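To keep things simple, chains are lettered A, B and C as they appear, and every chain counts its residues starting from 1.
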Amino acid sequence: MNRRAAALLLALGALLVALPHVAGSYALSVATLILYFAYTGQAWNVMMGFAGQLSLGHSIYVGVGAYAAGALFFHYGIGPWAGLWLAIALSVLIGLVIGFLAFRFGISGVYFALLTIAFAEFTRIGFDHLDWLGGPGGMFLKVAQRDQIDLANFRGPPIMYYYAMLALSAAALALCAWLLRSRAGYYWRAIREDEEAAQALGINTFRWKMLAVTISSAMTAISGVFFAFYYNNLFPEQIFNIGRSIEIILGPVIGGVGTLFGPILGAAVLTLLSDGITEALAAFGWEIPGIKQVLYGLVLLAAIMFMPHGIWPALARRIGVDR
Amino acid sequence: MSAALEVRGVSKSFRGLRAVHDAWIDVPQGAIVGLIGPNGAGKTTIFNMVAGVYAADAGEIVFRGRRIDGLRPDQVCAAGIGRTFQLVKPFAGLSVLDNVTVGALHRAPNVSAAKKHAAEIVERLGLGAKREQPASSLTLPDRKRLEVARALATRPELLLLDEVMAGLRPTECDQMVEAFREINRAEGLTIMLIEHVMRAVMALAQRIVVLHHGEVIARGAPGEVVRDPAVLGCYLGEETEV
Amino acid sequence: MSWDLVVNVVIAGVLTGLVYGLMALGLSVIFGVVRVVNFAHGEMMTIAMYATVMLFAALKLDPFLAVLPVAAAFFAFGYALQAGLINPFITRPEHSQFMLLLAVAIVMVNALLTVFGPDARNVQVDYQLESFELGPILFDRARVYAAGAAVLATAALFAFFRFSLTGKAIRACADNYLGARVAGLDVKRLYALTFGIGSICVAVAGGAMVLLVDVTPALGPYYTLLAFVIVIVGGLGSMPGALLGGILIGVSEALAGLFIAPSAKSMFSFGLLILVLLLRPQGLLGKRP
């Protein structure tokens, strides 16, 4: 990283830490959402951007993480700090099962992507029939109070969730930066570019792909726990939906797959875009259902067509920092 | 000289098509052995069996006294065999140095040691000026060099070279031959190479094995082999690059 | 539970499955030749369904007549989509193609929502209430006609690929891209033609499907997933495989709806998909890659 990049990163960090003291509550909720997608996109990026394994079913890890921690709290009053470990353990287990089956049976590319969708959809419908977790009617976590910070149960005002997400995003960025420079980063990128050549260089590709799945699913499970305690209601239809998986990957794809800042930039651009469209439409009085998503889709289309490598690589060149 | 690699009566068929039949090849420790033959003779198939890409239908492959048939490609690499691909497979999105670093990591304790080793090899193969370029921007001769550099970076005891001279200009070819000679002499690296460019094989190989229709039809010193009537017969009508 | 009921449900499943099969055939043909997975396939299907419904509402045109102009329009649409939008993406990585078609799908499904609203639409023709009887077994007339149209369109497609010069050229393209270019085939045009043909499959399947279900914009993503499941089960790129997959999924959906719960029906489909991917990743009738 060059000096200019370090300075920019420091400035961005300072801005984000100071934000809650200048921004209103609406802006804070938007910022929290951006950080949520930045973090989750970073997690997906480990699997696809680094190791080249296209997952279109990451909602399974969010959902399982959210339901694991949510159920412990709902049924037994066990707080999220313990639930987190169950969430991670279950998500990683599912990731390893999918990974083992796919990689051992030589499933890759489009087929792997479809396998991940199939597992997510299978789980969604399965959760619809699990009455213990509320079924299609949903599971609702008790919202006791919102004014004081109760860290043990992760209950508190919006600012607490904002800082939690900021800390997670920063940690994810640091972890990914370290991973990319480590042995794993080199091996993953080799596998992404050409798996056969990677294997000929002594890389046990199965094991390293499994490591990517492990890290990615563990990180995503944490998003799920956050989701459960931030929104306090969980519906299988909502959380496991393929639409959620797509939301996760939009940020990194628009920002730049395989880059460190792409997921963050992409999440910011897309969330602000979506918000901007909503407000513009409201200002014009065009509040017809669907029209917002049409515009969003058109912008997405344009971004993919004209910036196939994402916004970050183009921007990084312009402001003169490393990709 | 003891044998580094022994291919003992190996056969391989693809959907009933016989690619290699009962091939016996010895590669002595520290030697450079050339594997030649017309197109479709089974040379690359033998390489792929040694490298663990295909399992042999019959026979054994022994490297330094240990059977390696049945191992995966990464295990073969760990056993000390490096290889290049006939159709080069660079990691296109990575820089030249990073490509070679991936290979170097195989025996390096950490990334910085691997980078240092990789930088030396990149330099040695004449890619130093291009080390920060992405591999996708390289010309074909440079991609061939990168292929060799990456394999060398794994510190192999035996290097399998699959047509690394094809498409090179004669001067580039001579440079490459010189580089292999140097590595062979200085480090005792054993080399088995598939090559159509006879100029390179004759200059490099101490022994040549000739394959035709999946069978070994001749073997010996380069001078003898090229005068062998069976060898001349199988090349008749084939265009040989000289 | 009586056997009559089970037999009736299975037959309905087979007939619906043939329409599914035709829809999936479009996806399979496009993937087999252009090597692009059309993630907007189900959304295109719903557009065809709305088009049929609109023609019926405006002109009282029977869906089986409406299918002709819709199919023609879809051919042109598919051709233009491939030639204009997708062609620059055929050499790009899979996730890039996926995102492109996903954006197309998002625009399509929401354009339908904007124009038609979220409520279900349908057509009402008199033969929807009638059925053929064969002893205790009932065949819905509408379902039989829909399946008949699907079989007809499939047969026409098979004949096209087997006997016509263009069909043969497209197959050559699919087998060997480089060879086809060397032989002087205009690959770009053939790709666009293929996408157009795949779109005709969708148009006909959509026209037939409005006789069986009410259409809402939300059906789009569901049909996309369904089409994937079918072609993976049958074998991506295999034409008979798409039909077989369609029938299998049609029957498994119908049986799951009968024995378990209608809401669990796609769980069976996805379960089948996972099994096939693991045990026979090339699909039941697919060739090993």
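Worth a mention:
Assume a contact is a pair of C-beta atoms (placed from the backbone, for glycine too) under 8 Å apart; a residue touches a chain by one contact, two chains touch by 3 or more.
None of the values given here were measured: they were computed from a predicted structure.
When chain centres are defined as mean Cα coordinates, B lies farthest from subunit A.
Across the structure, the highest number of inter-chain C-beta contacts is found for A-C. Of all chains shown, the one whose average CA position lies nearest the global CA mean is A. One finds 49 Å separating the Cα centroids of subunit B and subunit C. Spacing of subunit A relative to subunit C, judged by their CA centroids, is 32 angstrom.
One finds 44 Å separating the Cα centroids of subunit A and subunit B. Interface of subunit A with subunit B (complex): residues 181-183, 186-187, 189-190, 192-194, 196-205, 258. The touching residues of subunit A, counted against subunit C in their complex, run 48, 54, 56, 101, 105-107, 109-111, 113-115, 117-119, 121-122, 125-126, 128-129, 136, 242-243, 246, 249-250, 253, 257, 288-294, 296-298, 300-301, 304-305, 308.
On the subunit B side of its complex with subunit A, the touching residues are 51, 53, 72-74, 77-78, 82-83, 85, 89-94, 98, 101-103, 105-106, 110-111, 114, 150-151, 153-154.
Those residues of subunit C lying in contact with subunit A across their complex are 37, 85, 88, 92, 94-96, 98-100, 102-107, 109-114, 117-118, 217, 221, 225, 228-229, 232, 236, 261, 263-264, 266-267, 270-271, 273-274, 277-278, 281.
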